[in-house]
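One chain, subunit A, links the two complexes that follow: it is found with subunit B in the first and with subunit C in the second.
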Partner chain A sequence: MRRHQSRIAFFLLLTPLVLWLGLLIIIPHIDMLLISLRERISFGVYEPSLTHYEKALTEPLYLRTFWRTAVMSVLATAITLLIAFPVAYYIAKMAKGRLQQVLFMLCLIPFYVSELVRTFGWMILLRETGLVSNLLQWVGLADRPVELLYTDATMMVGLVYTSMLFMVVPLVTTLESLDDSVIEAGYDLGGSGLSVLREIIIPHAMPGIVSGCIVVFMLSLGNYLTPTMLGGKDSLWFTEMIYNQFIVRSNWELGAAFGFMLLILSSVIVWGVLRLTGRTLKETMG
Partner chain B sequence: MTRTILLASTVLAGLASFAQADTLRLLTWGGYAPDDVVAMFEEQTGHTVEVTKSNNEEMIAKLRATGGGGFDLAQPSQDRVMGPQMEFGIYKPMDVSKLNQDLFIPSMLKATMANTTVNGDVYGVPHVWGTSGLVINTAEAGDVVKDYTDLCDPAVAGKVSYRLKRPTLIGFAFAMGEDPFAAYDDEAKYKAIMDKVEAKLIECKPNVKTYWSGGDELMNLVRSGEVTASMAWDTGGWKLNNDNPDITFVAPASGALGWIDTFVLPAKGQADDVAYQWINFVMQPEIAAKITAAAGNFTASAGADEFAEAGLKAQYQASFPQEAIDNIKWYPPVPAGLEAIEGEVLDRVQAAN
Partner chain C sequence: MIPTIPQSRAFRLVYGSYVALFFLYLVLPLTVVAVFAFNDSQFPSLPWEGFTWNWFFGDERPQIGIFHERGILRAVGTSAFVAACVAVLSVGVGTTNAFLFNRYEFRGKGLLYVLMLLPLVIPGIVLGISILVFSSTLANGIWDLAQMDIQALRPGLLLVILGQFSFITTIATLVISARLQKFDRTLEEAALNLGADRLTAVRTITLPFLAPAMIGAVVVAFLMSFENFNTTLMLVGSDAPLTIAMFDRLKEGSTPLLNAVSLLLMLGSSLLALLVILFQRRP
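The block that comes next holds the complex of A and B.
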């Protein structure tokens, strides 16, 4: 009887998860896959075909955008890690008590407002008639208005800023669990700052680094707003191309094919990172 | 006794009007259903109106995703009715006899109905019309920019903005001496024209500050002086003109591009009668004038001009001398397949260095 009850409880608990995954993720994806595998012949007539994948893989423009998005997302992840690591280390190890909480809050506060507002903030700062441009002229470093928007570098700043928090939080959590005495022991045994960092701190922080990197990479790869608003006329982000195909061109078939390419790309890169660092998904996430 | 009957009849009447009160889910553009007009309609008819603001592409994508459901009345441009209807069947035929046709400007009603007829059924009637052309700071770029292709002039380098969308392609094609509308039925010829436009747009790219995507974004760029010449709608130019008399809308030498936004019934709309009531309501001259004031564009309502604001009329007359009106190129219905060609051109322009 009790076994019976616990089974019912198990299925009851499982239902929301199954519904969530099934209705919102698996079924739409199957539908997308089917859409991506058909070709429009004429009004309302479709035939199964691989032509959209072929087009996506042979048209140089689509391929270029695909790789550009991948490489820039990896770069954004690396820069985020480089900036976030010292910040997280300071918050977790050097700062104590109140200061620690205040610093952590300071990281969190920008995320109280929506991404759109934050991106507009950057636009107000960096535009030709914006704050930074006027400041540079006032100081005398520039003799006419400087345009800082609409470049790849600006876009990179936006991407790093947007995803900073998602790197800092897992890093702080893992670094906090590192016992100070282990670091002291490292120094006592004659280690230099660099070797302590390499032999003790980074290996301990590895789960945080990997999970932070995965989240930041996925966020950058799937970001739509930042590249569109800050990137300007040369920036074509892969998500923007998906939006264009679905909404502007009404070409759902190609858009769906792009969507699957993006899904495969992110899966492959995440799998590759896990393999490279010798971790399993279970260790990293759990 | 009489009191009881009175009370009962009042209650019954109340119930009856309650049963008839419907919700009109309206898919439209910003400014086409101003709050005061919605309030007046709700008060007169007892129906409620839910307004969703959108643009051509999103309207069609939304209706396509639901097979024409979710809305009771939509307002795509007249060139976007025939193609999507043939392709996806997202609209339902309109019973024009339920409309008060005297409220419409006859020529515009006739043209729109002809352009939105599929298999003998009429799918759309006109509502708001306007043009796109050049919005220019005349003090700085007025002497240089007279036509779309002048946006590529070195004198305005870095001070130019336009959209990467089909109006830009069409406008440039006209300015380069081609007639893209005449080539609508000839895919090979249309592609040749678009290839020429693509080469021009890529050559022109260093001149462009950024490709704008939202009206407000462009307004900020022009108002702050960062952009002195751009491709935009007439209303955008006139709005800016109110703040800065130097900035205004100019009809390009090769002709402004004219569009008409329509009323169509989505295929799975559930309140057709309310939709017809709404159309008849907003086409009344006084109401149409209110919409003109909110949207900045004139409507297909006959006689609404009398009620329009004097300032807007003056701006319109300054931008459109008679020969410029005669030179407006009205969009014909887009045949299927052309947008794929245009899409590839636009992608290549955006990715070009």
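The block that comes next holds the complex of A and C.
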């Protein structure tokens, strides 16, 4: 009787999971793949073909945007890591008690604010009539309004800002678990600040570095708002091209092919990083 | 580089100022957004034309405040409705998932667990288009079979809700699983020994233990849904949630009205976050 009940409970618990993953994740992605692999011959008539992938891989604009998005996302991830690491270390090891809690909470604040609001804030700061432009004129570094928006550098500032939290939090968590006495022992054995950092602190923080980097990379790659609002005409982002094909041009087949390319790019890089560092998705995300 | 190891004054000074600068960078854009909500001008930028509450309460052109701006109010309502649906759905499924992974050993469990994590590593835009594509395939199929046009499968609120639900459920599952793992199962067994059936034991012992995590997950799901942009952008129909409505206005050029909306958003979400922290501190 118990056994029988337990089986029913098992299937009752399994059903929502299977429905959710099946109907909203797996089947839609298979459908998207099938659509990207067909060509429209005439109204309502389709034939299987690779033409959209061929177009995506030969058209210079598409290909350049694809690689640009990948390289810029890697760059954004590296900058975020470099900026976040000292701060995370300060919060985890230098600050104590109340200060530590307050600083950690401060790091979480941008997360509670919509990405749109964050981007809007940067626009107010950096536009031609913005605060920074006025400040530069006031100090005397510029003699007329300066437009700081619509460049790659601005876009990078926005990308780094948006994903900072997802780097700081895992770093703080792993660094906190490093015992102070281990660092002291490193110094006692004659290590310099730099060698302690290289031999003890960074290896210990590696799990945090890996999961932070993966999440930040994914967020940058999939970002739409920041490149659209802060980036210039030349800083086209791959997500913008997907949007254009789907909503503006209604070319779903090509859009679906772009979507798949983005998915493959992100999977390959995430898989590569996990392989390189010998970790699993379960450890890193769960 | 820990407090017990002496460091030169200069080093500590440089390090301290770096961290201070970092936090300036963190709060600067948000502060600017908040401050310009009170600028008595058509533009959220310098020069500062004086302090006004008009962007909140004004009811005359050109300074119509939020509380008299129908479009924005309707968008807030839409967002709240979507967020409430997503929160309830994702925490419901998140709880059953947590029980499934915590209580049962079965073949394919590892694979299912990885699949469950997958929505976190799929870009939001791709998640959006895949659901858009599939729902339209379904709608077209139904039309071909039965000549019925199912409006719900066309871009609109149902698809927005499903799209957001599809990845927020993963987060809800992780939050609730973390708490369920700390549960002492002997408590449940004690209830069984005292004559309760399994369902009663779970209802009276396990669920109250899980309540803080479930409430936390509801709030996180609500906030994530309210702020979601990427997935929503691909699935939205004629009823735009707040982030989409604000995006459309921002493209046309901004007035301090957007700052006022943003400020209220910040206050609202900080308040919710604070409530959760206070609630979870309670023993």
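One rule holds in what follows: the second predicted complex is superposed on the first by the 261 of 286 C-alpha atoms of A that agree within 3 Å, B and C clash if a C-alpha of one lies under 4 Å from a C-alpha of the other, contacts with A are read in each partner's own complex, and residues count from 1 in each chain.
The criterion applied here is as follows: a residue touches a chain if its C-beta (ideal position, glycine included) is under 8 Å from a C-beta of that chain, and two chains touch if they have at least 3 such contacts.
Here the structure is a predicted model, which means the values were calculated and not measured.
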Room on subunit A for both subunit B and subunit C (clash or fit): clash
Comparing the two partners subunit B and subunit C, which touches a greater set of residues in subunit A: C
First (subunit B), second (subunit C), both or neither touched by A:Leu103: second
Partner chain in contact with A:Leu236 - subunit B first, subunit C second, else both or neither: first
Subunit B versus subunit C as contact partner of A:His204, first or second or both or neither: neither
Partner chain(s) touched by A:Glu184 [first = subunit B, second = subunit C, both, neither]: second
A:Phe246 touches, of subunit B and subunit C: first, second, both or neither? both
Partner chain(s) touched by A:Thr129 [first = subunit B, second = subunit C, both, neither]: both
Stretch in clash, subunit B with subunit C, out of 8-16, 62-70 or 296-304: 62-70
Common interface residues of subunit A - those touching subunit B in one complex and subunit C in the other: 127, 129, 246-247
Contacting residues of subunit C [partner subunit A, same complex]: 1-5, 15, 18-19, 22-23, 25-30, 32-33, 36, 43-46, 92-93, 96-97, 99-100, 103-104, 106, 110, 112-127, 129-134, 137, 162-163, 165-166, 169, 174, 177, 198, 223, 226-227, 229-230, 233-234, 243, 246-247, 250, 254, 258-259, 262, 265-266, 269-270, 272-273
Residue numbers on subunit B that touch subunit A, as the complex places them: 57-58, 60-61, 64, 84, 86-89, 158, 165, 205, 208-211, 213, 224-226, 336, 339-340, 343, 346-348, 350-351, 353
For the subunit A and subunit B complex, residues of the former touching the latter: 43-44, 61-62, 64-65, 127-129, 147, 149-150, 228, 232-234, 236, 241, 244-251
Subunit C contact footprint on subunit A (complex, rising order): 5, 9-10, 12-14, 16-17, 20-21, 24-29, 31-32, 35, 83, 86-87, 89-90, 93-94, 96, 103, 106-110, 112-118, 120-125, 127, 129-131, 134, 161, 164, 180, 183-184, 187, 193, 196-197, 201, 214, 218, 221-225, 229, 239, 242-243, 246-247, 252, 255-256, 259, 262-263, 266-267, 270, 281-282, 285-286
